[in-house]
Amino acid sequence: SDKPVLFAGPCAVESFDICMEIGSTVKEIAEKHGFSYVFKASFDKANRTSSSSFRSIGMDQSLAVLERVGKALNVPLVTDIHESYQAAEVAAVVDVLQIPAFLCRQTDLLLAAGNTGKAVKIKRGQFMAPEDMQYAVSKVRSTGNQNVCLTERGFSLGYHNLVVDMRGLPIMRQFAPVVFDITHSIQQPGGMGGSSGGQREFAPFLARAAAATGIDGFFIETHPEPAKALSDGPNMIPLAKMDEFIAMLKEAWVLGRKFENFKVN
Amino acid sequence: SDKPVLFAGPCAVESFDICMEIGSTVKEIAEKHGFSYVFKASFDKANRTSSSSFRSIGMDQSLAVLERVGKALNVPLVTDIHESYQAAEVAAVVDVLQIPAFLCRQTDLLLAAGNTGKAVKIKRGQFMAPEDMQYAVSKVRSTGNQNVCLTERGFSLGYHNLVVDMRGLPIMRQFAPVVFDITHSIQQPGGMGGSSGGQREFAPFLARAAAATGIDGFFIETHPEPAKALSDGPNMIPLAKMDEFIAMLKEAWVLGRKFENFKVN
Amino acid sequence: SDKPVLFAGPCAVESFDICMEIGSTVKEIAEKHGFSYVFKASFDKANRTSSSSFRSIGMDQSLAVLERVGKALNVPLVTDIHESYQAAEVAAVVDVLQIPAFLCRQTDLLLAAGNTGKAVKIKRGQFMAPEDMQYAVSKVRSTGNQNVCLTERGFSLGYHNLVVDMRGLPIMRQFAPVVFDITHSIQQPGGMGGSSGGQREFAPFLARAAAATGIDGFFIETHPEPAKALSDGPNMIPLAKMDEFIAMLKEAWVLGRKFENFKVN
Amino acid sequence: SDKPVLFAGPCAVESFDICMEIGSTVKEIAEKHGFSYVFKASFDKANRTSSSSFRSIGMDQSLAVLERVGKALNVPLVTDIHESYQAAEVAAVVDVLQIPAFLCRQTDLLLAAGNTGKAVKIKRGQFMAPEDMQYAVSKVRSTGNQNVCLTERGFSLGYHNLVVDMRGLPIMRQFAPVVFDITHSIQQPGGMGGSSGGQREFAPFLARAAAATGIDGFFIETHPEPAKALSDGPNMIPLAKMDEFIAMLKEAWVLGRKFENFKVN
């Protein structure tokens, strides 16, 4: 595409009001800087480190909020699914089904997502070589659904740490468009003892680096008050910083796309 | 327990005959060397690298075979589940529900398994710090089911490679009994391009090492002709080697248990 | 500085003629694109995987060639030292002493380099956390020599593989200016069995990414015919591609410096 | 050999008295349990994280102490060298020259050690694939000196952490006898900010595991009061625990050697 895609929103569907506050602000920013915007919020945090962490306001209620937000803002929606039975029900509401990183090898989930006919966005597992993501793409495409993209969010570099291997971006782009998930790439899994920490200070550096390689889109979790977000607060971009952040991202993206086909061989 | 547990069988339920051939042989070996035996076979290979690999002879048929094998041999059964809807149906047949490594953080799956009241065996994710497995254990125990064990099967050491961090065994034993999965610890994920390779030659070394730390059981996939197994052939122990292998394992296990409480602090 | 630095040349001092061919070409390119140029060539490949690989045409002869090249081109010179006794002798010829990555914790070598009064360029060890490079810098500065810079060249991601953790660049810039070593970051140590392989195709991607984070310089090995280079051929940039490559690098560097102080906190 | 070798002593030559206290105690323990004993102490800690840490009481004085200890106890000595000029001088005093892990690819150092005719003990680099250690062995053997052994001490598993890959032990034994360095395998490099931490509590587990694979010897740093040791205290075995520790090690070693040639292929 000739415009970068921006998947952004709160981590979880906390409430209609917070979704609207974030979604309307980001929509305006995305338009201003020439991004295609997709509103993101999870209806269920299904794999929190500890079961004492916030999961959801409920699947039905979350999907209802998502639907209202999509209509009110007139933007497409993305959310993740965790088991194959959810695919059809969620696809009735959203435009893009996201496959979580831990689940990127679950054949049934990928097929169920593909069979909905909606776009499928697969996150690279923290344990997957970039080239092996082609098999996840093939599983979805075997349903006849060609609308698949991949997402980078870091590989396990020892315990409680992830590293973004920038070589993985051009490798995965051989198979499908690639989105860079800024928020989860700076996560520290389980690093706070019972919940995951984050390193928000590295977001601008990693985002520019990934953009400069030449990619197709970005995924960002944002919140007016990250410290009060019900999940992923430590690695979110504050909503008040999003305008400047997206402006910067656009410049790096333009540079990346300009040189994406530069070869030294 | 005062006896080590041996979870062993073919990787997948290939047929009743092959299950009986393997199960009856291993049962005898286990008794001879003083192991508690649990027959293992998967009813579905739900996360193969590529969708062109063998998955299953069908869930219903596989469960039926498993049930016949369990009755014919009078041994308990273990098999893995991949989505929460499978828990109750599978628990009607088997004694131990195994949670695959990629899925060890899926709260719903852990709760569904716990709620069956059957024993739950959780494999450590290839991306999980050993100490973080306590949260997976807690999720199961939150259902009131205290019968949980953990399984080591290697951590991502770069791409297409796993390493067994022996420190993880005593760390995880603080939370639950620990089983060492010999077969998958020597897997090379995606290492053959579209399917996983294996390093059978290291099985005896890793098995003795893990046993010598002091653990509770072992998990081994075995087959009369590994090269013809429908999955995991490159890392299986040939059935004809199992007697000698288990004899060796027993000696290492006895040594490990003798010194398990030795402290230098 | 307001100009990026370009350390570039062949891997080893192969001959005066090849050094002049490379050095004169790169000098012109550097000037054209606004880089400060430092000619690089090693007088000894002291840590080849195997002892059957090319090491050197001899230390004395190499230093003599380096000196002639520096004078003929009127450019500063950088080369690496491996033992502390070499520091003074080499410092009589070159302007920047480079400390190899494996040796970045060798106190005597760092002190000997610092004591020459020449600039000291320390490569991050493939085993060093970025923040721990501050101690290497401090060792050099303890001699009173404040002219130190650091170089990123990848961290061990399992066997025979390196990953560039882009977070390391801003972390290390807290301690000293940071150079990105493009050539060795795409090396595959020992990956060809007895010698190191490389992935030249990733050079443009990693180079743009690193530049976009905001750094101070670049290190590139180049050769008119990489396949004939006596070392590091698989990861070199062909000399004929350098003009375009440096032009691209400049754009990415300008972007990186524009946003280097952008913060989301 | 039919006896395991025990390399043990304080980390550094702190004083003649402390060396004698440790050496005489360990010598007796080694004899009691059937180990060949080699007294170990470093004359210089040449690669401390920070230059403010203890390095040495001086090379000459340290070597003089080592010599006195060797004669008084009538035991062979091992110490490490860091630059090639030290090889001959140190070889005049000790029986085994140890090549530090960071330096295991330094050709000149390996050749200088080999040329002394003394035994050469090479530690695996924290960045080296086990099979690549064959080249380090070849470098020493190219001098005509066949008396080489390898030592395992952990591979970089992300930052500030090492993992012992037990597969590496049989891989390296194809090239030379293998010693397991218990003390440094539980080190946490740079993990205490400016100095390295350690995890003494894992020493018995890793030691039993490594021994059970089937190896040739062990390396242990010990001290009557580890908390007062001038380096490596957090990962040392207290001297008062050494008798029990070595007794345990012996049992695991016997088991490992019994099964070292067991094959499943």
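As written, the chain order gives the labels A, B, C and D, with residue 1 at the start of each chain.
Definition applied: a residue touches a chain if its C-beta (ideal position, glycine included) is under 8 Å from a C-beta of that chain, and two chains touch if they have at least 3 such contacts.
Just so it is clear, the model here is predicted, and its values are computed rather than measured.
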Same or different for chain C and chain D, where same means more than half of the interface numbers show up on both copies?
same
Counting C-beta pairs in contact, which comes out ahead: A-B or B-C?
A-B
Quick check for the class: compute each chain's Cα centroid; which one is farthest from the centroid of chain C?
B
How far is the middle of chain B from the middle of chain C, if each middle is the mean of its Cα atoms, in Å?
48
When the centre of a chain is set as the mean of its C-alpha atoms, what distance in Å lies between chain A and chain B?
33
Going by the contact rule already set, what residues in chain B reach two or more other chains?
155-157, 159
Looking at the complex, which residues from chain C come into contact with chain A?
155, 157, 163-167, 169-170, 199-206, 208-214, 237-238, 241, 244-245, 248, 251-252, 255-256, 258-259, 262-265
Chain B contacts chain A in the complex at 46-51, 55, 82-85, 102-103, 105-108, 125-132, 135, 138-139, 142, 155-156, 159-160, 189-190, 194
Under the definition above, what is the set of chain A residues touching chain D in their complex?
156-159, 161
